[in-house]
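Each structure below is given as structure tokens.
In the two assemblies presented below, subunit A is common to both, partnered first by subunit B and then by subunit C.
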Partner chain A sequence: MSENTLAQAPVHLRQGSSIGQPLTRRDGVLKVTGGAVYAADNHPPGLLHAVLAVSTIARGRVAALDLAAARAHPGVVEVMTPGHKPALAQDPDEKAGPFAFRLDLLQDDRVRYANQSIAVVIAETIEAATEGAALLAPRYEVEPARMDLHDAESFFPAVVGAGTPAAEHHGDVDAGMAAAAVRVEATYDTSAQYHNAMEPHAIVAVWDGDKLRLDTPSQGMAMAQARIAGLFGIPPENIHIRSPFLGGGFGSKGMISGPQVLGIMAAKLVGRPVKLVLRREQMYGPVGHRAPTRQTLRLGADAGGALTAIGHHTKTASSSFDDFFEPASGASHSLYASPAIATSHEGVRLDTGTPLFMRAPGEATGSIALESAIDEMADACGMDPLTFRLKNYAEVEPISGKPFSSKALRQCYEQGAARFGWASRPLAPRMMRDAAGMLVGWGMGTATFPALMFQAKARATLRRDGTGLMEIGAHDMGQGAWTALAQIAADGLGLDIDQVEFRSGTSDLPDGGIAGGSAHTATAGMAVHGAGADVIARLAELATGDERSPLFGAGNAGVVARGGRLSRRDDEARGESYADILDRAGLAGIEGSGGSAANPVAQSAYAMHAHGAVFAEVKVDPDLGQIRVTRLVGAFAAGTIINPRMVRSQYYGGMIWGLSFALLEKAVTDRRSGRIMNADLGEYHVPVNADVPSVEAILVEERDAHVNALGIKGVGEIGITGTAGAIANAVWHATGRRVRQFPITLDRLID
Partner chain B sequence: MYDFAYHKPTSIADAVKILAADPDAKPVSGGHTLLPALKHRLNQPSALVDLSGIAELRGIKREGDTIIIGAMTRHGEVATSDIIKSAIPALAHMASTIGDTQVRNRGTMGGSLANNDPAADYPAAAMALGAKFQTDRRTLAAEDFFQGMFTTALEPDELLIAIHFPVPKKAGYAKLKNPASRYSMCGVFVADGAAGIRVAVNGAGPGVFRQEAAEAALSANWSPEAVAGVKQDPDGLNSDIHGSAEYRAHLVTVMTKRAVLDAG
Partner chain C sequence: MNRFDYIRPTTIPEAVAAASAPGAAYLAAGTNLVDLMKGGIARPSRLVDVGRLPGLSAIEHLPDGGVRIGALVRNADLAYDPGFARRFPAVAEALLSGASAQLRNAATVGGNLLQRTRCAYFHDVASACNKREPGAGCDARGGENRLHAVLGWSEGCIATHPSDFCVPLAAFNAIVEVAGATGHRDIPLEEFHLLPGETPERETLLAPGELILALRLPGTEAAFAAHARYLKVRERTSYAFAVVSAAAGLRLDGGRIAEARLALGGVALKPWRARAAEAALVGATPDEAAFRLAAEAALEAARPSGDNAFKIELARRILVRALTLAAAGTPARMPALPASPFAIGA
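Entry: the complex of A and B
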């Protein structure tokens, strides 16, 4: 079996269709046996190792590097610097497109953030390259670093996130606040966070003339090809990327990063294959992060607990040299009905790397503030938080007035609350203790995430031996694309999954689109589905036009494909196998193709979102302030579920990320130097198994006729939203303390 | 790691001779602090003098009302020693909470005390119990031995041989571990023994210190309630991403109560 082909399925129960089956991960055996080849596992002959030298200051210039010492070190082959590097066809600071973020490719001696690449040492061994980089001993002209969100001069960006307007409104929030019987105005702070995928960014680059072969993890191979092609002045099709497996991406591998491009430049400089792998601490700067925010929520409600106004303002930071603003206020657009909603953003510039898309960018950050504020308002109204949310249930999307393409949030509330036992929750805080004397609290949050679609293509082949082949350059970041897309392929081809060869993960296959925005299964899946339908239609045309076929004259519409056979829809006994049709036609195989994109008509008519409800139980030690999340129950409705096992796993991962957001993750900056002080997994805390004793995800039935033909919404990021707020609200319910700085730390919970 | 010479003497005299002859040589016991420092090139000794071959540095014995523990005795041995468990169960309990199994099977009592990491466990027990430190040339009281963060009275070529713990009437220990590193965020060892009633705190400050207000309170009334009102001044305590000085001050009171409860 080729490394990028997964043809064998584990034993599973068949119920007529692959979609909906809880198949185990088809790449699981490869992963647990070490057979899955990740980028840095590749060792082409003649390989050299590149190590970055990175800045230890956040702003200034590199005044000197001891190049002689580095070059003299045994094993060092080259030292790439601003003065000694291959020429690029494009300025890395040029904005070639909205997703062409500015890169640091040794274009000059400027330092714009800590951990920026200032030189690359290429050597025969990783050890020699590492030592060479240390020997460079850079000296700097240091300028004071601007690191404080609240000290820097602020401005109003035109757009935030991926290009959405920075300010939106409907109705009059000031009037709504004035008319309110109950008001909540509160400010919430969230911390800078770094993606910290388990697999660091890595690249193995091999030049052959003006052709380039890359092993590198990517959430968007076609986009990477285009960016690299522009930088090196070669056609995109000359670039062959292999990215069969990612050890997590979370948005940080969406666009090719500066260090990855430096690996390609290093290979060009030395004329040999080069491997470059970021060290953990080097991931805190050049590969994106989630910027800190300060969010101000203004909520008004009438005497009956109906919202009269939602105001959501976010102050956040981008880098000094590029624009990405965490679109946190957008969280208030779609969740709660209100006659008046206004959202806005304000930006500052800090001497950090450019923030980028990170797991529910905006949605996660905005959700923790909004869900906290909603909980504060429910308390101010003397209402149960679930009752309050139902009272303000949005029947249409509040900001746009559009109907929802589907919305089973009520069922999520009901099923989640029932499973959790929410009905017995005391209204007042600090009312529950366990046998060990721990304070117990219950909180909830609403989860939501837009149902997005990008563009993708796929190619399908039916072969004379009765098997099928589906090809798409899709991306498996660990979410299960190898499995879920193969299930869609099997149904699209009318074959059992073990009769389908599924090829994916390389850039020479049809463009599978971006694995981001929780849209990959919908986007790549619809392309696969379309390619399957196309090749079946071509096969049916062959059969129905051939008078020797039992299907002669049945017409395309009158034929069904199942189990490797075409049959008349009106009489399934009359049919024949794919193999027989191709055999008689003397064809080795037949090919079809498909594409996918969002449907603009449906998009303009409907608001499209997945929804969910998350319930959390925390226990707080009254002596120590230690917080334990003892139970998490999430109920989510996200349209058609392709593989319930994978989807549940995505929800778990999202909910655990939400826990991490609420209680653990925070990058701490040394304001004097501008460096991150906890740039390692020892002190940048993420949850471990012991932090998550019990997590449950309920899959709520939902059919959506508008998002796409298969009714698929995204499941990757929604679990984060809702969860972080639910935990914060449970901490309040346990202790009576409302902490508005995230992560919530134990020192804030003691008297 | 930089290059260094390696010695493995079999007697205290030989070890001291090597250390005296070379001021840049360093002794190594379990290596849990020194080896990471070497790997990070934070330290460049000319030679390492491995103490693990010196039999006379190991072992646990009781002489009258004193427990004598060889400096090279490992935490795991302290935790499981029947002699210590019957004479000073709080000390065995303390040893059982250090690090993880691997750490306890390599790290030594002498190494930990001579390093005097503010977050190390043993200094609090030594201070509260009034331990005596026997070196190759003299005997030091705990108050004289500990001299602040990572500093002791030991000369560069002076070896800690054994620690003498007077058996107390009762003693208890409680700490809040950093959940990742398991170092003490704040630990309190209380003892009613030969040195009187003592309360010693680790983890919270730049080095082990005695909480005199708690000692006075316990002298008047040995009970958890007696120390519940003791307020530790946060001034000068450690403050980091794991907890502020104020939080650690709060922990001093909580852990003192729990240590008294542990002592019974």
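Entry: the complex of A and C
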């Protein structure tokens, strides 16, 4: 992969600032030397191992378990079952709040999906627990599994995703279609995808009376505390979670999952510390997934290639027992100008685990269909796909009519196209071959993701020795929170980064907010920034009110904090060090706090999104159908970039997942049994290095005065959007064949 | 994982005796068996670890131009042996197209012959599988069988053999040397693996306790070295089993094909030697028309076992391409993406 550091870094470098510096990750050495302690690396004294027994049917009930055989196995300590488990203070099926999804905690003998937990075997060793679970040899009363998106009875949910309306429109799409000179109506199918973070869900649980200590990966420790507190009837503050590192989360570790809670229940049952780690195949059910969709796109355009209508309808599935509908049609809300837009969703219920958040939920799924349809429309209009997109460039958010808080998408198109060499693309498909005779195709897609913010708190301390401390219960999923938030802390405290102690990753710190929705850097970062400003203001108050200080009388507004010193804004030569101020005041340190939240005024006035443009080159074997993505170039504008090195990695990771979406990922389900037949990383394909020979990410400069004071948007999810469609469009351009089923496999390209 | 006895014999007769007991299994690198044990698919009561038996790790270049490969030679060591790759380039290419670098560094050539199928229904112990449990039935029939067999399958089993290595071994007349309780014998690799028929649980000709000692590639087969390729179509660029693969070797004489070697992978429960296609090529000029005729002959008996009709046409095309590449000549250097259609020009 290429690193354009030299060409691009200066845009982001600012003298005397940590923000914008391409620092390497501060936890990198720990990780590559094995020193980073992940949840499952913990082994408290007296630890027992718990292993789940999971259902092999998708619907019915467990009629019998051979408990005697499991208990008799050497090393087995306990078998937890619906009839033998600690009492819970709350029904796990109770919907206590918008993010309280129903959990399977052995509440009864019902089976709602394959891989549902039906018992937990606790033993002295992992081997004994594993064999004990196998010895349970369940017998079932089987009911027919409902596995087909297209056979099940459908209905219209009121809300989709995290609670957005299922249907929205502006203008009259039918009229727009009727008036159109060119129409595209097409149906696109996407497959069910399952979470495969490198680190499976794991928990080490230790009870001490009604206090609970947990090592478990979490994208939202405070939410996990609240959920666990409710289930066990203890105060949230009695629960101490350590989650310093996650081996990937991608949405699956946002809410505490059923298996994690079962680990806590197991520890309570045996009165000893318990570790529970999901086996890879056990992740295919209880931790959320991306549901399959069938999307129908209706586009109309006038003779000049201006869109007259966009209709986007998604049919998708939730589980039989809870509601989460992949909000795919929302992708059509913000990208292309059209006098009429209508989006809608339709649901069915299948005997699967509940689908949940999976990197760019909705946007990833919807984008591949929308970008494919836009490409089809450009072709139908006889226009270059980039020209067509520029023709339909949205100057305001189409669905709402709001102005954008910032939008450098035009620059993304320009810079991405220039780097890729898009200008020499032949309009017609199947026109390019390489020296070896492979078909070559170029495609593009537009990327977008909303710029969200949640709520967070942080605490800052300046110490008499001149150093600073920033504390926030933030979450590093591998994206670089340990580094990026410390950079914001350093600037907020007016210190060099090596003078700042940054504490994070535990639940006893101020709540850093959930790491999701690509909003963590903005949310936690603004809390950190606010805490820094608060402690500096308090320090300044000490100095400006003290006649012995060179800053006496400068007033808060007239002071600058930099390099561990406060100086007068009107005369920076006049100032003194933090240490001197604290020393004179006789204080060991001074503390401040900060919080962050979305600004409702700005949110109602502006549409806030990050944008990007992705260009893909694929090669396709004309006889054998095998596909290879030989080049990916993405150009993204996402407001202020805190750390360009880490942001580039986020874009790479997102783009590679986009490739995975377009060409590889699919859960293969046996429709008779409801079991997923490729639940392992050998057969559930994700890209390997040979699949991504060249990926480039261009960071397009963008300043946003409205999203938050630092102008930070999110970068975690946008890379998938745009990319998957760009690759699908490149496959069409290479072969002349439009494949509307994803992933695109080679059998669809040969006859 | 079930409880099992672990035995590490120091001589071949000890190993054979220990492994002759019911429920015993040989363990070498364990890259396949240990996974199967973790999944409960294999539950041996006794593991006989032959990984440190002396005398089985040598690559011997024989005076007749052939090669004798000890059963414990690692896949990577064989593929990177310069003398071997020169004489049997298609075999080296097949080795390097399989699995990942880490697995190739551990896995042994003897173990490679005994890989179990990747059929998902074989791996899912809740599914019916005649291989795991004779008479239980085959849930792959009528199930998710897009990648299953199109040649030599039976009503009782439609699985495929997963090995890349075995495909050129079948093409180039490799011999398997085995030791048993009553002495040593040679088995042609082409006959070593069994088609499912009525007994899909019987996978090879090995009798209980018989141990693979070595593989031999005859010197006569080195005559194909100048025109030998392995080609593998897969669903990602690396680290995936073949959808369909082919090994092709040609001996050209005066612009005509004097002799041909052809085998297919991913199409049947054994590496599929295409002898009728080889015969059809003899005397022909090495051109597309001849290759197409050969491909037709090779797939004449093919029929889909499920949603996999595409594999029949794909297999024909792969044979044509593999023959085309072989006719063009073995590359001077191993391609960066061995056996990939994208080996050149990528």
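Just so we're on the same page, the second predicted complex is superposed on the first by the 736 of 751 C-alpha atoms of A that agree within 3 Å, B and C clash if a C-alpha of one lies under 4 Å from a C-alpha of the other, contacts with A are read in each partner's own complex, and residues count from 1 in each chain.
Basically, a residue touches a chain if its C-beta (ideal position, glycine included) is under 8 Å from a C-beta of that chain, and two chains touch if they have at least 3 such contacts.
Note that this is a predicted model, so its numbers are computed, not measured.
J.: Could you classify subunit B and subunit C on subunit A, in the superposed arrangement, as clash or fit?
T.: In the superposition, subunit B runs into subunit C.
J.: More residues of subunit A are touched by which partner: subunit B or subunit C?
T.: C
J.: By the touch definition at the top of the document, which applies to A:S593: first (subunit B), second (subunit C), both, or neither?
T.: A:S593: touches no partner chain.
J.: Output check: A:I750 vs subunit B and subunit C. Expected answer is one of first, second, both, neither. What do you get?
T.: both
J.: Which of the two partners, first being subunit B and second being subunit C, lies in contact with A:S154: first, second, both, or neither?
T.: Touch partners of A:S154: none, neither subunit B nor subunit C.
J.: Applying the touch criterion given at the start, work out whether A:R672 contacts subunit B, subunit C, both or neither, answering first, second, both or neither.
T.: Second partner only, subunit C.
J.: Just to be sure I read the superposition right, which of the two partners does A:Q107 touch: subunit B = first, subunit C = second, or both, or neither?
T.: So A:Q107 meets neither subunit B nor subunit C here.
J.: Examine A:M438 and indicate which partner it touches, taking first as subunit B and second as subunit C; both and neither are also allowed.
T.: Only subunit C; A:M438 stays clear of subunit B.
J.: Is A:R628 contacted by the first partner subunit B, the second partner subunit C, both or neither?
T.: second
J.: Of the partners subunit B and subunit C, which touch A:E683 in the superposed model: first, second, both, neither?
T.: It touches subunit B and subunit C both.
J.: Please work out whether A:T56 is in contact with subunit B alone, subunit C alone, both, or neither, and reply first, second, both or neither.
T.: second
J.: So which positions on subunit A get touched by both subunit B and subunit C?
T.: Residues 623-625, 668, 677-678, 682-683, 685, 690, 746-747, 750, which sit in both footprints.
J.: Spell out the part of subunit B that touches subunit A in their complex, as residue ranges.
T.: Touch list, subunit B to subunit A: 176, 179-181, 241, 243-244, 246-247, 250-251, 254.
J.: Taking the touch rule as given, give the residues of subunit A at its contact with subunit B in the complex, in rising order.
T.: 623-625, 666, 668, 677-678, 682-683, 685, 690, 746-747, 750
J.: Using the touch definition up top, name the residues of subunit A that touch subunit C in the complex.
T.: 56, 127, 130-131, 134, 434-438, 619, 621, 623-626, 628, 630, 663-664, 668-670, 672-673, 675, 677-678, 682-683, 685, 687-691, 693, 745-747, 750-751
J.: So in the complex, which bits of subunit C are touching subunit A?
T.: 1-3, 40, 118, 120-121, 124, 126-127, 139, 142-144, 146, 233-240, 243, 310, 313-314, 317-318, 320-321, 337, 340-342, 344-346
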